[in-house]
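Next come two complexes built around chain A: one with chain B, the other with chain C.
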Partner chain A sequence: MSRKLLLVDDAPIIRLKLKNILQAQNYEVVGEANNGVEAIEKYKELKPDLVTMDIVMPEKDGIEALGDILKIDSNAKVVMVTAIDQRDSLMKAIQLGAVDYIIKPFEDERVIEAINKAAG
Partner chain B sequence: MAESYEMSDDEKQEIIEEFLAESDQYLQSLNDCLLKAEELIKGGQTVEKDDINLMFRAAHTIKGTASFIDLTTISHLTHEMETVLDRIRNDQMDFTVEAIDVLFAAFDSLSALLERLKTEGDDQGDVSESLEKIRQILSGEAPAAAEEPVAAEKPAEPAVEEPQEVVPEESEASSESDEELEKYWAAFIEDTQQNIERFDEILLNMEKGDFKPDYLNELFRISHTIKGSSGIVKRRDLEMLSHKMEDILSGMREKEEPPAEHITTLLFKGIDWIKETVNEIQSGKRQERDPGELVQEFEKLLAAEAASPAGASEVSAPADQGQAPAIDINALNSEQAIKLEEARGLKQAVYNLTIAVSEKCPAKSMKAMLAKERLSKEGIIIAMVPEETAIDDSSTAKVSIQFLYSTSESQEGIPAFVSIDEIELVSLDKIDMAEEKPAEPAVAEPKAAAAAPAAAAKPQAAQKPVKKEAAKEKQSKSAPVEVTSMRVDVRKLDNLMNLAGELVITRARFSQLLLELRNEVSSTRQTIDKFREIENSLMGLKMKTAETVSSAEANGGQDRDELKKMIETIGQKFQDTSRQTSTKLITEKIYNMDEATRNLEKLSSDIQNGVMQTRMVPIEGVFSRFKRLVRDIAKEIKKDVKLDIYGEDTELDKKITDELGDPLTHMIRNAVDHGLENTEERKATDKPQQGTVTLGAMHKGNNICIEISDDGKGLDPDKIANKAFEKEIITEDALEQMSDREKMGLIFAPGFSTAEQVTGLSGRGVGMDVVKKMIESLNGTVDIESEMGQGTSFKLKIPLTLAIIQALLVVIDNEVFALPLESVSEIVKVMPDEVYRIEGTATIKLRDHTLSLVELEKVIQIEQKKIGADDERRVVVITDGENQVGICVDELIGEDEIVIKSLPVHFTNVIGISGASILGDGRICLILDVGAIIKEAQ
Partner chain C sequence: MSETTRLDKMIQLVAEQAIEKSSQVLSKLLKQGAKIELKQVSLMDIALVTEKMNEEDKEVVAAFIGLEGDAPFKFLFSVGMADALQITDLFLGQETGTTIAFDDMTASAVQEVGNILSSAISNVFSQDFQVEMKPTPPEVIQDYLGTLFQQFIMDLAMESDQILIIESKFKIVRSELDCYMYLLPLAGSTEALGMATGMK
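Here is the complex of A and B:
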């Protein structure tokens, strides 16, 4: 059974890229969100198995969204997708309970590995 | 704390050498794959995924190691190669002839860099041209030198391999990936243009004095997004600039005040540049632009801003990468000891867990932290070495982290906790606490007990594993492609070879001594027999004396007793001596020694073979370079040529392979350049348009035979003869007596070259004469076979090794001489009346032709018994491949393997002798130079 993914990023191109990579790996992208607020709504609605989460986003950033999602579901698997210079935020995300992270710009291989491992 | 581990110069040198050896192999496979791919692409076929992956891995591995030892140029170049190959393997880019050319160019630059590294010890070569080509191909432009003709020529030739099936599939795949790429571009342009608009708007608002703190945040976010998107479409220029803008904005947004005017101006400049670039992209111009100046301006600004530090404090940590000092459970600090007790209290198992963060990972400390967080969620981390804060993120080495970890989860469940991208589980071992306990003395006072050894034991404990881990690191590095060889200085091997030779000689000496000893024993036996006789007669004497004495008893006892005593003493002494000289013991010893000598013989020849084997390398190393050579020459002179190679596994002495490169290069050049007709000429005949050059090798006895042949026009003996005559290499008279074969041999004459037009390739002043000399210096021979219109074949015969030869040992004038066995064709018996003279030369009739006998005293200073003496003589017939002569010998000793010792410098000019060897009896034996003797005889 293919696993359901929710992609959260304010850049459509990144979502597109992630989608292409992961769909080829038999993941089902059930939803996409532009910002943290949408992310939480979609998470409640779609109950995805895994979320990829950008950090720097309008409305509500990825850290807050991560926190909220974990409040809703403490077993939520959220993989952060961020640039390397977001160290401090990333650290916060890790402490909050992100299962892994992917550094932008990424190689396909990194995405596949990270998501596969996170999905278990 | 963590130990710092710095590489010494020696270590670095060692790593560089290892790297070079490793890279050689990767270069080889890169070269092979590229050539194979080129052929397939030209033939309209798809390149195998495995090959692309292999190339990718080769580039990737070289990159990895290069960056590990700070070879930035190499790592940069290979990184770019890797990018190209990665795109190809992910179908994001078509594998075209252009791509092959770009990769070849990069390959050449890489080889040059590695060569430089070998000779100069650094990699400071100029690779800008290759990088530019890669950049062009990555950005979708056609590189400057496109290869239309070749690509266009091929499809015209109806391919035999069902083109319908293969070609459409590929074109479909490529159009799909183009489409996909187009999608990215479209998304990128749309996305970025919107962001630019918003950025502009905000800047304008701020300039008007309308400032909201959130603006800076938004600007920051926008530049961040542009940076990210640019990364996806691999636009480094945009990525770089937006990154700088982001940096500036990142610092400012904390201040929550409108930016200074000069900053706004620069941001305007930046976003304008991005706007222009994106517009260019939209209009189809995908070439990267150089944002250098602008980037510098941003950097200046950043430096100025940095004067008021607001940035995050960087964790300064000792560079302790790649190796994790082992955690000693008996040397924990107090905090760790408490945690251990806690785990014990919970009756949880304790594990020694080692993970490694991959070398490519950009934020290793972050991964380490992630692992730590995830582990601590499920259990207790008793100790972690190194702590994530001690990990240097700028390092490009793999980082091992060791945990002492306790959890209620079963051992099987633990790997899932560290199932994290770029983290690999190295080892997970359960610690037997029962066993560990006695080692911890004071359980009642765990703090003090554990803390004290911690201070003392830790540095020591840390030291050893560092090395161990480093070694492990090396191993894991070479693991992906099995590198089971190591580099050894040739001089060491030479020395070993020499010693093995000495051993063989010493062994022979032993056999000789043993033989002598045996003779000695048998003569001793005779002596003993003589002793026995004396003893017997003494016994007789004793008895006689006793009789005589007893009859004369009355004369008084004293004399009698004395005499008796004397005789007995003598008898005893004889007995003792004969017992002592008993041969039984010696015979036994000799028997043992014989056995030992035989073992020694076997061992020494095994050792010699073994050492020989170490010097043996497949000829592949020499051959493989010709694939590229043929490709390049063919391209330059616009011929369609394929190189067939066989027998590349054939092994021969490394020294010889080294020497073979040059002559073979020349011969192959000749074959492609002169041997093969040009395309028109080939079309005119019935030959396939593509010319074939064959390069092959095989073993024949103790020789390797190398064939270089072409299916070209063949050698024209008369044309060669005329040329030789014109060049005054040979007289007309001599020409008339020559066979076609001999005429062809004229191409080896000094100063001969058949090239009518001197191309850039052949006719470089190195003629076939030099080639022949080079081959002869290896004790080899060259043979030509050629048929007009069918092609030419050069056959080289070269001994496998220069160190040992099979030889026929003969005695001439009481001296032992060795004749290389491969030049001995037969041995015949000759009666004096069978020898007759033609033009003053002694000649015999050998079957249906005549054979001249060499008078060796004319060649070397020895006195040979004149032919015509009464007794039957033995004649050894020797040959250099073309001519045969006979040598009269006084005695034949037999065949043997001899170790060649080169002659001292002042003897090297002695004609007729090519070297010397030492025989088992310690005598020197000279090796006859067959080639020179035959030449002298003529």
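Here is the complex of A and C:
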């Protein structure tokens, strides 16, 4: 059975790239969100197995959304996706409970590795 | 060398390092050899710059991003309409000419290139100069260059009649794309950079 994914990023082109990479690996993209607020709503509605989460987004950033999702489901598996190679933001996300991170621009192999690892 | 000249030189040094880093990031992003050339770093009269931009009368797509933190800057990445379509194809790994009209994906490609370039710049500030910077979410606008530029300098025009412009040109593989990056230091940023580098 394929794993259900929720893709969260304010750039549709990044969601499309992630979708193309992960669908080819037999993951099912069940939803997409444009910001942290939408991410939380869709997480509650779709109950995905995995989430990819951008950090810099309008309305609610990825770190806040990660914290809120983990309050709803402490077993949520969230992989952070960020262009900011800044250790403090990523450290904060990992401390909060993110399972891995991907730095943009990314290689397909790195995305597959991080998602497979998160999927267990 | 006067203090102002030394600070301008220092900002030129930061810009060169940031542009070098941005070239590497852009090459990786587009999976093509990309080179960003620094065209000029100069302190210019706002009225003259605005007049020059208005004369160009060209429709562009641009990403506005704020770099917030110890030394605040405003960042603008702009690209001509035809080249924005080509960037979309490069970004998606499609044959050039596949994207024929401006759409959400084109806006998103420009947004993401701007986002990744501004992040590369903020990394240079934080890693090489210990000046902490964080980019804001990008805002993408399609308009005439002069109109966009006026919006870009709006806050600064109230504080000063001069602006520091860091202008660059992008070359991607054999194509010379009409893309530009502008970095405008806001109040206090040159002083913060001067302190960080021990020049002030």
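Simple rule for what comes next: the second predicted complex is superposed on the first by the 118 of 120 C-alpha atoms of A that agree within 3 Å, B and C clash if a C-alpha of one lies under 4 Å from a C-alpha of the other, contacts with A are read in each partner's own complex, and residues count from 1 in each chain.
Simple rule for what comes next: a residue touches a chain if its C-beta (ideal position, glycine included) is under 8 Å from a C-beta of that chain, and two chains touch if they have at least 3 such contacts.
As the structure is a prediction and not an experimental result, all values here were calculated from the model.
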Under the stated touch criterion, which partner chain does A:56 make contact with: chain B (first), chain C (second), both, or neither?
both
Kindly classify A:113 by the partners it touches after superposition: chain B alone (first), chain C alone (second), both, or neither?
first
Please indicate which partner A:16 is in contact with in the superposed arrangement: first for chain B, second for chain C, both, or neither.
both
Taking the superposition as given, does A:105 touch the first partner, chain B, the second, chain C, both, or neither?
both
Find the residues of chain A that appear in the contact set with chain B and again in the contact set with chain C.
10-14, 16-17, 56-58, 83-85, 104-105
Parts of chain C lying in touch with chain A, wherever the complex brings them together
25, 28-29, 88, 91-92, 104-105, 108-109, 111-112, 115-116, 119, 122-123, 126, 134-137
Which stretch or stretches of chain A touch chain C in the complex?
10-14, 16-17, 56-58, 83-86, 104-105
Considering the complex alone, what residue numbers of chain A touch chain B?
10-14, 16-17, 20, 56-58, 83-85, 87-88, 90-91, 94-95, 97-105, 107-108, 110, 113-114, 117-118, 120
Which of the residues in chain B come into contact with chain A in the complex?
86, 90, 180, 183-184, 187-188, 190-191, 218, 220-221, 224-225, 227-229, 231-234, 239, 246-247, 250, 312, 362-363, 366, 369-370, 373-374, 377, 416, 419-422
